[in-house]
Amino acid sequence: MNSRFTSLYVTGGLFMLLFLIGSLQFDHFGSTRVLANLFTDNAFLAITAIGMTFVIISGGIDLSVGAVIALTGVACGVLIGEAGLHPLVVFPLVLIGGGLFGATMGALIHYYKLQPFIVTLAGMFLARGLATILSDKSVPIDHSFYDAVADFGTFLPGDAWVGASTLILALVVAGAVVLAHYSRLGGYIYALGGNAQSARLMGVPVARTTISIYAISGFLSALAGIVYSFYTFSGYSLAAVGMELDAIAAVVIGGTLLTGGSGYVIGTLIGVLIMGIIQTYISFDGTLNSWWTKIVIGLLLFAFIAMQRLLTARGNRGMAHA
Amino acid sequence: MNNLPPAAAKEQPVSPAGPRGLLPPLNGRYLWPLLGLVLLLAINLVLSPEFFQVKLVDGRLYGSLIDVLNRSAPVALLAIGMTLVIATGGIDLSVGATMAIAGAVCANMLVGGVDSIFLVVAGGMAIGILIGAVNGSLVSFLGIQPIVATLILMVAGRGIAQLINAGQIVTFQNEAFTFIGTGSVFGVPFPILLVLMVFAAIQLLMRKTALGLFVESVGCNAGASHYLGVNARAVKMMVYCIAGLCAALAGMIAAADIQGSDANNAGLWLELDAILAVVIGGASLMGGRFSLVLSLVGVLIIQCLSTTIIMSGVPPKYNLVIKSLVVVFVLLLQSPRFQAQMGALIALAKSKSNKSVGERAEA
Amino acid sequence: TVGFAQVGSESGWRTSFSESVKAEAKRRGIDLKFSDAQQKQENQIKAVRSFVAQQVDAIMIAPVVETGWRPVLREARRADIPVVILDRNIRVKDPSMYLTRIASDFVEEGRRAAEWLMQETGGNCDILELQGTVGATAAIDRMKGFKEIIGEYPNAGIVRSQTGEFTRTKGKEVMEAMLKAEGGGEELCALWSHNDEMAIGAIQAIREAGLKPGEDILVVSVDGVPDYFKAMAEGTANATVELTPHLGGPAFDVIDRYLGGDRDIDKQITTTGDLYTQETAAEEYRKRTGG
Amino acid sequence: MSLLNLSGIEKQYPGVKALDGVDFQLREGEIHALLGENGAGKSTLVKVMTGALEGDGGSMAYLDKPLKLKSTAQAQSVGISTVYQEVNLLPNLSVAQNLYLGREPKKFGLIDWKRIYRQSREVLKRFALDIDVTQPLSSYSVAIQQLVAIARGVDMSAKVLVLDEPTASLDAGEVEQLFDVLRELKSQGIGIVFITHFLDQVYAVSDRITVLRNGGLVGEFETAGLPREELVGHMLGKELQAQAHRAPERDDRAAGEPLLELDDVAVRGSLQPTSLTVKRGEAVGLAGLLGSGRSEVCRAVFGVDKKSSGALTFSGRERSFRKPAEAIEAGLALCPEDRKASGIVGPLSIRENIALAVQARRGWWRPMSRTEQQELAEKFIAELQIATPDADKPIEQLSGGNQQKVILARWLATNPELLVLDEPTRGVDIGAHAEILKLIKQLCGEGMSLLVTSSELEELVAFSDRVAVMRDRKKVAEIEGEEISENRIMQAIAEA
């Protein structure tokens, strides 16, 4: 076993364990349907979290993602639902818009040496504010294309639906893995997170890399916004409030260090699945009231992170002995 | 033999190091955030001159300026604790939830018939420290990353507060406790005084003992601090406890203010405001040098901004956009590169206008 | 088994609502799967999908927002599970996607509050408005209903409107600032608040500004939470339109009828409450606190 | 032909004129040594000529054409590669990634990892380094990281190779290997700029020498025609009191009772059972090759690594330090090898950096007053000749050698019973070097004991009462008293 992947194995193992516990406890839990739902229900979170993974690996953070999802959704709603444009015209527009939004934040961060946390927090205010100005009501999207997208997909055995969102997610994961490990930009991103000063001295094009990172995150958030609009057939300025924290939590649970420099896309995907299965577990249980729901989420999160720490530490110590 | 003769050393009194005295000198680090605040106030002067009126109503200072100070009290308390946490390279997302829990504990003690106001306040403070200790343990003993460690209590904490309140807003009537939120001493609202007292206490603790130095040392280079024999764990434990305590006090102000504990909304998203304030004050989230004074300036900037927006009568849907633009502007003000660019722009404008004046004179 | 996807527990009213549904389910011996979405639509949709996966007999949704329900309702229909909408409205083109909606009419609430106020002041009134969360249906509709009526009175109007985000703290803070912006508030006639919590906060602000709430400035609001009845009894608040949290009973009734084969069910079951004033406040307060 | 031609280079830092009209010329196929005291401006000049820093004035020509460098990336693309002072690589990336970052070979548009790993192994073989290139760089010692950095620079060098103190923590064998490589590059016409504080190395490889002092240019010389004493004179601006640096001069102190005793102390995974005794007032040197376990001994003694077996006796009591704080409490001090990661507290001032260890020992409730800190700092700034305008300068803004002196000062200030120094003179110039050696001797005379590792045998010979030789992470020999000589140590290291 390779020590670098210990945390990945541990995290994946814990996910399996949770799934097993749920299956033993509830009817219908241990089904392909529940598994497939995990992907469909969390596709937008996963796509955002993958963008966030790159940002965090580079030592930054992006708090604007939830707001960008909302802004994208509202923009789609207004342009498709109200202005009557075709989705295939609108999607490239909002994707480019999301990318530019991220790029602008990246430029502010790099050129004016501002801290990512704050720049993206301002970005979050701005995106949500713009969404509210575009429409403070929720806008329904009614278009035959959306119906087609909703029907696109296939049933796997066990009534498990694999739809467009899941397929988009799969493409994003594949693309992200290639970007992270088989492209120069990927190397630069890890390098920046390791030590920005050294990276600069080693000839990493810091400006270009920083701007690209936030542009990728903005782009993926916009994509997540589109997937979210497939999920709800609408756009709403208060959608995805607090999603940035879910995304960060998923990334960190997936084994990426917030200090930057190390982490894996696949880890993030597992992180998202873990957050999702915690939710599924709670809704299958169905006896918790509002506050116990919060407390139990907190406790499960804690139990999980503590176990992960312990197991990873033990795994690594095992390596040292060998 | 020194490379630089002592004379040369004397010629350059520029000291990039931070302030060590109790009150800081006015150097570049302090100038820009203050300038941001002054600019905001100037905008208010233009928008509504009554902003600066301060009257005495019922033996109490009354006016928008006082409101800004008064309303900023909870975030100011949070920011004081947050400054220390951030200085060690950490972050505390749970302070909002801590406010809710402390408020709920106090409210239920009051409703439950605890008469001694001291017991109630002590209870609130104790719960704050306890929560801080939990965060501190997760961070320093289990080695969980601060943002996730405190996220746990951010989520669960609000649930705990609701559990204590059984999901309702617990309303109480208690003169003494309400005083914390709405009372005043010599016309000055009590929350403002409380902030000043906490600020003074923590400032003394940090600057008149070696704690401040240890906090900064741990924040700048945890590895080196370990070799130095600084007990990084204890230092981290301490800052989270202080942050918890400050949050509990803020929670008591919030509860006393509305004479009730609203577990769901008390302190909601205030952790972000507190972090924002600390960073607007110029602190680095990577840890290191800190200044409580600057964090308080940051708090005032944020509160001033929200009051301005309400006073100006702009439709609420523009609130967020305005807030974001002002925040970016205040941050840019502190960026040397932006300062240089603005300088160049102003110089250009001047030379142009001079030229046009010259041309006109010629014509 | 019935699944219930609740918004969250953002207010005392919401909690009473959840509790009443649970109590009702228990009374009837129904196995209730309760899910709290923490104010997030995506969580709610996930919960509904998991109810479908659990093959429950019926689903109740108290939606966070109006839109965005079509895909998940389709899924429920595919699985032949009836859906009842509670409290807030939803917008879908095809109303057959859900069984019925049991709720009060927010626009009507706004109208009732405005009618009362106009009656009380004879159509002469400068009003401050405390809006709910920007974008929330309740806020948008109550504002709409209120304006509709006010618009008929040339001497009445809203002079200032800000969001208090449905909370007491914000209500108080915003009221403080608005009073100052209106030069102390002596000229004002009334406060219209989108919910009771904000109004309770604002009442404190009015008092601290040296004015008498309920007399110098009339206070009218929506919800009917106990604390507000208490304020009315004390004379510091004037009126509220009740929003009943007891939606559980009618909902289970409808579900029973449907599962029993009855297909003749109204699409809309209104529970818009009455307007209460100071006269009955003390009595109502006693009733509601069970004392 | 001239490769690089810099003239009138200026650089002003707040409060310091780091470069004041410096000219520098590098020819094709030469090794050009750049010399000067700590803080003379060598690293700054290197940064300006490699695009890491923009100069305030002056001009630069490359291959006789004017060139304005905006970034290190640009410098690399025109053929100038650099190894900066301190290891400026990425600890989180694998060794191979570090070697090929930004110039990865590709196949079908994707990075070809197989090829990278193969080539990396080959490149490192040139430096006789056989390590797992897929492991993160951080899992290797400073010396290995240094070698990897050099290997990257060498492998990239197209026309110009700049090396800023590359040999600071390398042992003699490694240095020889490096020199062979440099000579080979030179024969290919590559111009090499070489900075070091070791004059022997200067005379061993360089063709010409440029000397800087206080940010100004002293002159350019042919190595062959410049006697050593004259060179030192140029660097210091005066004659060096000859004795300090050469010729060991030992006063035979009567060593007292044992202060520190290691009895088969081992650390799991890093140190084999080792026994060692340090007596009161005695200076013990630790010699050995790269990775021989010297640092491990220091770390085990100080409680950084927990010993897994064996007994450690300090001051007559058996101890088991779990963390440095406990060791410090007992009267130990360790000046660690990795200055950047475990030494300096970057943004804090020199004053605070010096005071920190004393303060930590005192506890937080007994703060040192500002004046107390100031006095302490000023004392050491004078004693160790730390080049700084004042004690309030953040330590990260000091030159490398001066940072080292501050760290040394920090530990001297705690006045410990046993001072453990891991490569204490890394990057320190000859003037200060002599001062430090003098100081060490004086301390021993006052009853302090020392345990010192150093890659410079000469230095070990100069002050050690005893030298313990390490190999394969355990002690293999001990040399005492009159027997101590460079040759004898070298022999012990080499014996199989």
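We call the chains A, B, C and D, going by the order they appear; numbering starts again at 1 in every chain.
We adopt the following convention: a contact is a pair of C-beta atoms (placed from the backbone, for glycine too) under 8 Å apart; a residue touches a chain by one contact, two chains touch by 3 or more.
Listed by chain with UniProt protein names: A = Galactofuranose ABC transporter, permease protein YjfF; B = ABC transporter permease; D = Sugar ABC transporter ATP-binding protein.
Given the structure is predicted, the values throughout are model-derived calculations rather than measurements.
Engineer: Looking at B-C and A-C, which one has the bigger number of contacting C-beta pairs?
Structural biologist: Counting C-beta pairs in contact, A-C comes out ahead.
Engineer: What whole-number Å value describes the gap between the mean CA coordinates of chain B and chain C?
Structural biologist: Taking the mean C-alpha position of each chain, the two centres sit 35 Å apart.
Engineer: Let me have the rounded angstrom distance from the C-alpha centre of chain A over to the C-alpha centre of chain C, please.
Structural biologist: Distance between chain centres: 33 Å.
Engineer: Just the number, please: Cα centre separation of chain B and chain D in whole Å.
Structural biologist: Roughly 42 Å separates the two chain centres.
Engineer: Roughly how far is chain C from chain D, going centre to centre by Cα mean, in whole Å?
Structural biologist: Chain centres of chain C and chain D, defined by C-alpha means, are spaced 71 Å apart.
Engineer: Which residues of chain D are in contact with two or more other chains?
Structural biologist: none
Engineer: Listing for chain C: what residues touch at least two other chains?
Structural biologist: 8-9, 15, 18, 134
Engineer: Which chain A residues reach two or more other chains?
Structural biologist: Touching at least two other chains: 132, 136, 289-291, 293-294.
Engineer: Could you please write down every pair of chains that are in touch?
Structural biologist: A-B, A-C, A-D, B-C, B-D
Engineer: If you look only at chain C, which of its residues touch chain B in the complex?
Structural biologist: 8-12, 15-16, 18-19, 131, 134, 160-163, 165-170, 172-174, 176-178, 180-181, 183, 197, 200-201, 204, 208-210, 225, 227
Engineer: Mind listing the chain B positions that touch chain A in their complex?
Structural biologist: Interface residues on the chain B side: 93, 138, 142-145, 147-149, 151-163, 167, 263, 272, 275-276, 279-280, 284-285, 317-325, 327-328, 331-332, 335-338.
Engineer: Please give the residue numbers of chain C that touch chain A in the complex, ascending.
Structural biologist: Interface residues on the chain C side: 3, 6, 8-9, 15, 18, 22, 32-36, 38-43, 45-47, 49-51, 53-55, 65-71, 74, 91, 93, 133-137, 140.
Engineer: Could you pull out which chain A residues touch chain B in their complex?
Structural biologist: Listed in rising order, the residues are 108, 111-115, 117-119, 121-126, 128-130, 132-133, 136, 245, 248-249, 252-253, 257-259, 289-299, 301-302, 305-306, 309.
Engineer: What residues on chain B touch chain D, complex-wise?
Structural biologist: For chain B paired with chain D, touching residues are 1-4, 8-9, 12, 14-17, 20, 208-211, 213-214, 216-217, 220-221, 223-231, 288-289.
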